[in-house]
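Going in written order, the chains are labelled A, B, C, D, E and F, and every chain counts its residues from 1.
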Amino acid sequence: MTTDTDPLFAEDPITGEEIELPADVEVGEIIDSPVTGTELEVISLDPVVLEEAPELEEDWGE
Amino acid sequence: MTGEGTAADPDSPVGEATTETYTASVIGGTGFTGGELLRILAGHPSFEVVQATSRSADNMTVGRSHPNLRGLDLRFSSPEELEPVDVLFSATPHGVSMERIDEYVETADTVVDLSADFRLPEAALYDEWYDGHSAPEYLERAEYALPEINRENLPGADLIAGGGCNATATILGLKPLVDAGVLGPETGEVVVDVKVGSSEGGAGGGAASSHPERSGVVRPYAPTGHRHEAEIEAYLGLSVSFTVHAVDMVRGASATCHVFPEEPVSKGDLWGAYRGAYADEPFMRIVSGSGGVYRYPEPKSVAGTNHGEVGFELDPGNRRVVVFSAIDNMTKGSAGQAVHAANVALGLPETAGLEFDGLHPVGSP
Amino acid sequence: MTGEGTAADPDSPVGEATTETYTASVIGGTGFTGGELLRILAGHPSFEVVQATSRSADNMTVGRSHPNLRGLDLRFSSPEELEPVDVLFSATPHGVSMERIDEYVETADTVVDLSADFRLPEAALYDEWYDGHSAPEYLERAEYALPEINRENLPGADLIAGGGCNATATILGLKPLVDAGVLGPETGEVVVDVKVGSSEGGAGGGAASSHPERSGVVRPYAPTGHRHEAEIEAYLGLSVSFTVHAVDMVRGASATCHVFPEEPVSKGDLWGAYRGAYADEPFMRIVSGSGGVYRYPEPKSVAGTNHGEVGFELDPGNRRVVVFSAIDNMTKGSAGQAVHAANVALGLPETAGLEFDGLHPVGSP
Amino acid sequence: MTGEGTAADPDSPVGEATTETYTASVIGGTGFTGGELLRILAGHPSFEVVQATSRSADNMTVGRSHPNLRGLDLRFSSPEELEPVDVLFSATPHGVSMERIDEYVETADTVVDLSADFRLPEAALYDEWYDGHSAPEYLERAEYALPEINRENLPGADLIAGGGCNATATILGLKPLVDAGVLGPETGEVVVDVKVGSSEGGAGGGAASSHPERSGVVRPYAPTGHRHEAEIEAYLGLSVSFTVHAVDMVRGASATCHVFPEEPVSKGDLWGAYRGAYADEPFMRIVSGSGGVYRYPEPKSVAGTNHGEVGFELDPGNRRVVVFSAIDNMTKGSAGQAVHAANVALGLPETAGLEFDGLHPVGSP
Amino acid sequence: MTGEGTAADPDSPVGEATTETYTASVIGGTGFTGGELLRILAGHPSFEVVQATSRSADNMTVGRSHPNLRGLDLRFSSPEELEPVDVLFSATPHGVSMERIDEYVETADTVVDLSADFRLPEAALYDEWYDGHSAPEYLERAEYALPEINRENLPGADLIAGGGCNATATILGLKPLVDAGVLGPETGEVVVDVKVGSSEGGAGGGAASSHPERSGVVRPYAPTGHRHEAEIEAYLGLSVSFTVHAVDMVRGASATCHVFPEEPVSKGDLWGAYRGAYADEPFMRIVSGSGGVYRYPEPKSVAGTNHGEVGFELDPGNRRVVVFSAIDNMTKGSAGQAVHAANVALGLPETAGLEFDGLHPVGSP
Amino acid sequence: MTTDTDPLFAEDPITGEEIELPADVEVGEIIDSPVTGTELEVISLDPVVLEEAPELEEDWGE
């Protein structure tokens, strides 16, 4: 157990599965889904809503 | 038989089963997959290796060939004098096992063959893709080792045929699409572009696999007509356009499958198909566009382990699904798959002996 | 202007042309392709490098960044103070040249840009694939650098746009099929599966390109949607399904193209198409099923050179043509291609400065 | 405290001890040795990891940084909020632990620090070789982690200082000669020529460790004056001439020690010295002129394991002893050594969590 | 003889000499150094290769063995039928040339042998280090090829013996110290710790040099007693403690020499010694603590070139000088050195045919 | 010729050889010696005095 507060749960926006989040996440924070690994943005907290984070543009040159 | 009390034995509770010890032998112990079998079995709680054979290193210690096994107190002995065991693993070049299979099945209760000799379901396929078959009567009896697609037929099997490494990578990548109806025999061209490490060639070597010539390559080594096409067709029910490249790594096989579904699919559909197929599989992971450095399947991420990674991406126009699949050819692609299958066949915990999760960072594994 | 007497100058006989010296500058001289330009130009009989720019290494010797150029008596200077030259080569990240192009064309008679800024023929494509274009009026004026497909338009060109390395490999591989009518916009899916070295990422680097993370990989880095698709479509007239993997080499780009022609083709047809296209090309080689270790195109065989290798194989059922194409991304894929184009533009011998034939054996080049 | 019943606890019989579970945390969990600690502890029967810290990846899964740990259900949390644990492992850059050591010893019963902060026995050495020390009062209390030379002082230790990887390789190679009296402070020059992999530099990276620049090197990176000289002198009682080269591998440190004994020694003497020192050590192997491919110590043979290999050879004239020593810098050279020391400190079986024996074949590990 | 007018010929003005063409043959043309000779000679303005021999690839094109030479219009022929030439280069394993030397000197005006057969000055040394010598009468006549130490004796030489690659690296590193009186036979131990690439082993290969076994190694391959010790002693006049390691590169030899001068030396002394020795040498560079990524000699920096890099560093206490020396074993260490020596012997410009300056970035060269 | 001003010359502090500097160097600037490659700090300009620059601490970890 890592915190005194209750764990947070939310729906994974891609698979619809329930996922657990750290208790101290904040709106706007980017966390990764434990199911898909995708980076998700915390849109709201009550209820917890997650959205796929805009992908880092990572062009490795041409 | 020392291995009384397998899960296939109704008298044996599962909890107890894992305390049994099965004797095992490895034919072809100096080879790459033979060494890998010895490594896995030596660390397996339910196996005791009693024999490892070699013609060229007869009476030498196993550690002389495989430096990681220097701690193993075992010497090679001749394949001509096989000791009776519970499970015989054979890791010889194609053609050897089919000649000796009668003897093998007499020597052991369970035979697990890593070569191509019993992989294909029909003798005709051996005529077409190989040089025929000398013991076709065993083909029906043999069970394909890959639990992800043949788990239900493995318990109690007495002849198990390990998959080919490139075929394994491909089948693991495409099977969920086939099961979900996204892909079928009528779908149109499926291109499978494979990249493999040098250990696929076995310990034998040759001019093309010497370090100076083999380092740093991207070398088309099977441009077309690779025999694993037959195996893929046999287990997926569809034909693929298959090309294999050698790249600069020692372990690893990576298949990139380019699929053009007839109906458009969404990312959600794909996640559904792959989660449905693999969410409960102990060795399969879906890695598909995650953050950080390792966003898709990579051989590095699974090197030394029995894990398989699969992932996918959609073309902007949704007309193409690209599926990535990565395994270690020496474990998931051969020796690990063989032990996994033996675990299932004997009713042992599936992950027994296969718990190693790999290293990070790791170079060219 | 020191470069009187280019081939574009009617008074100048070709024989004399090669004794002229053109002054040249390299913008982005600390970068990978900038260093390659400096290497090639320093050994070129008709160029004298008078300026190489860097913001980060201003006033430092060129040899400090590029140890192979320690013999060169030249220091970096600021890109803000450009000296007038005959030919300005620019090797900066995408977006820099389009901002400074007015200045460049004033400073130099010929501008050769290695970035993507002038490669695509229309502004709309920059809106679709990049973040738009700030100097679209130059797009029509710019000539694509690759002589194998655009030689006739290069003489006298004053703005030359170097091709992308992956696009170059793909175009060189497929162009002969397009020209021979084997492949066209209506053909059906063309899968292009590319493998590239780490120098493609430039000198900048990042976590994913650190040695521990980047060694030994087969890493899908552009699963779909790579910008070179636009370039390929622009110059081949067909769209391709494009996927790029990072593999463990530093130099090299290898494209494997899987093509499904509507009409069956024979090996003879293919040899005809490729010989027709490349028999007279000074830098192209067809390597297609020869003996020995190097049977098909490989980046190793062309590392450090301006050569391109192409080869092909037919599926047993003749339904698929697999085309292999290999280049060095730093030479044929960028700096060498740029100098080759400049040679053509100025009427110099095509191979001037580009004679290096590579090494054997060579590791991971 | 959950870890009642350590071997230091007189009430606890050893047999029972291994069934206890100790809670553990890892400071610096995104780093290379931090990841290695997490890997080892996750597979350790007596540890439960409750916290892994990161400032840069706070709240992200551990598997995002370390793909081999994707199966671990743990997220990074801030190093500012430490949870009370039985054992705190710290794997941060030099200088961090000395600032926070008061807090660490309050948070945990046992602190194992992998940095250089508590390795040297005296504050004066930190003034000489580093930038001084901010908590010198802990230096006497700290125990050097390497069990092969400090086993007797580890049981019950509450502050353990992990050795440097190059120092570890050197000390393991030379200690038997010191103990046997072949080598001492008066012996004359001892040259230690070290070759190391890129993971020694940590996850941070920089221009020199980018893949294009770092691949294929033999690069003198610490020609003279390496800080590990101080550590070697502290634990061997003699000074060495130390030079470190970067070579193309990711994991591994290999020390070649050139020793010129005053009195002639025989091979038998050497075998006696090394067998005497290491015959009973669970992780040490003597590899010295055996047959096959792997005749002397090599990093490849121990990659991913906590094994150390040592071997030796005599110059024809018997005037020089060459000692070879090979370890994996990430395991025996840091994280494995740390867990080994913790095992000894807590009275656990020494090899617990460290049973992995490595792979064969393996590339550039 | 086509080569009339060498510099050794008093009638021939130097300016004209370079327009002469000498015919040349290469014995052992399929080998690694044979291929390198062919590459260099093919690009050399004053040589025309008329024969390259092979027993195993008789009548095959040269490009089949060496893909970089596909453009060369030449086929291998039997070494049994030698054509008369101006210069015969021989690149066969030790022992072959001494058997055929009578024939060679009849066939050619100048014989350049790359093997060890004529390197040592006395037959007794062949008895001690090799298996004796069958043509000792040639030993005095032979000139050591390395111009940096034997330039004055090369003009007009008719039998030239190429240096060993590891010996060359060592001699180039230490010679300036010997000349400056810092190092002499009485100095005390000189430790030479060498790291080499896989091409040193030649094209033959074997189990230990297969890609899976040879990748990623730091492998002691000549712990003591390497034959190059004799060569070093012969040309430097002092004995060294010599140890050679195989590392993961294909080309390159790097020698780290640890020297303990009797009198303290300063950095200024060292710069003086090395500048004095090499400031005017066309192929030598001093790289010693410069900025950027490449601060000391590295094989990568000279890969593919005939350059040698040397550098040095002082131990803080000034009691040790560490000298680093890096060459490409295939060029400066054999074929390039041979051509350089031939250039000097024939009065050609020293750098003719050897102008290639190498690549940056480059992987594992 | 890269500038209109006259080239600058100075004594290399390590070898004593005369070296050429870019005309626009400034006091405090770090440039590398063309002879030794060593990084030198420009201490003064008239006359030009150069000194070995303090070496970048570049510890690659332990």
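We adopt the following convention: contacts are C-beta pairs under 8 Å (C-beta built on N, C-alpha and C of every residue); 3 or more make two chains touch, one makes a residue touch a chain.
These figures come from a predicted structure and were not determined experimentally.
**Student:** Counting residue numbers used by both copies over all numbers at the interface, does the chain B-chain D contact come out same (over half shared) or different (under half)?
**Tutor:** Same, since most residue numbers here occur in both copies.
**Student:** If you tally contacting C-beta pairs, which pair wins, A-D or E-F?
**Tutor:** It is E-F, judged by the count of C-beta pairs in contact.
**Student:** How far is the middle of chain D from the middle of chain F, if each middle is the mean of its Cα atoms, in Å?
**Tutor:** 41
**Student:** What is the distance, in whole Å, between the centres of chain C and chain E, each centre taken as the mean of its C-alpha atoms?
**Tutor:** 35
**Student:** Going by the touch rule set out above, which residues of chain F reach two or more other chains?
**Tutor:** Residues 32, 37 of chain F touch two or more partner chains.
**Student:** Please set out, as single numbers or ranges, the residues of chain C touching at least two other chains.
**Tutor:** If we look for residues of chain C contacting two or more partner chains, we find 32, 60, 64, 70, 197-199, 201, 203, 207-209, 212, 215-216, 248-250, 294, 298, 300, 361-365.
**Student:** Flag every residue of chain E that touches chain D in the complex, lowest number first.
**Tutor:** Interface residues on chain E, with respect to chain D: 188-189, 191, 193, 195, 207-208, 212-213, 215-220, 223-225, 241, 243, 245, 247-249, 252, 254, 256, 258, 260, 293, 295-300, 311, 313-316, 320, 322, 324, 326, 361-365.
**Student:** Could you pull out which chain A residues touch chain B in their complex?
**Tutor:** Touch residues, chain A against chain B: 14-15, 17, 30, 32, 35-39, 55-56.
**Student:** Enumerate the contact residues on chain E facing chain C in the complex.
**Tutor:** Against chain C, chain E makes touches at 32, 35-36, 39, 42-43, 60, 64-71, 197-199, 203, 249-251, 285, 287, 290-292, 294, 298, 300-301, 303-305, 330, 355-365.
**Student:** Could you please specify the touching residues of chain C with respect to chain D in the complex?
**Tutor:** 32, 197-199, 201, 203, 205, 207, 209-212, 214-216, 248, 250, 363-364
**Student:** Would you tell me which residues of chain A are touching chain D in their complex?
**Tutor:** Answer in residue numbers: 1-2, 22, 24-25, 29, 31-32, 34, 37.
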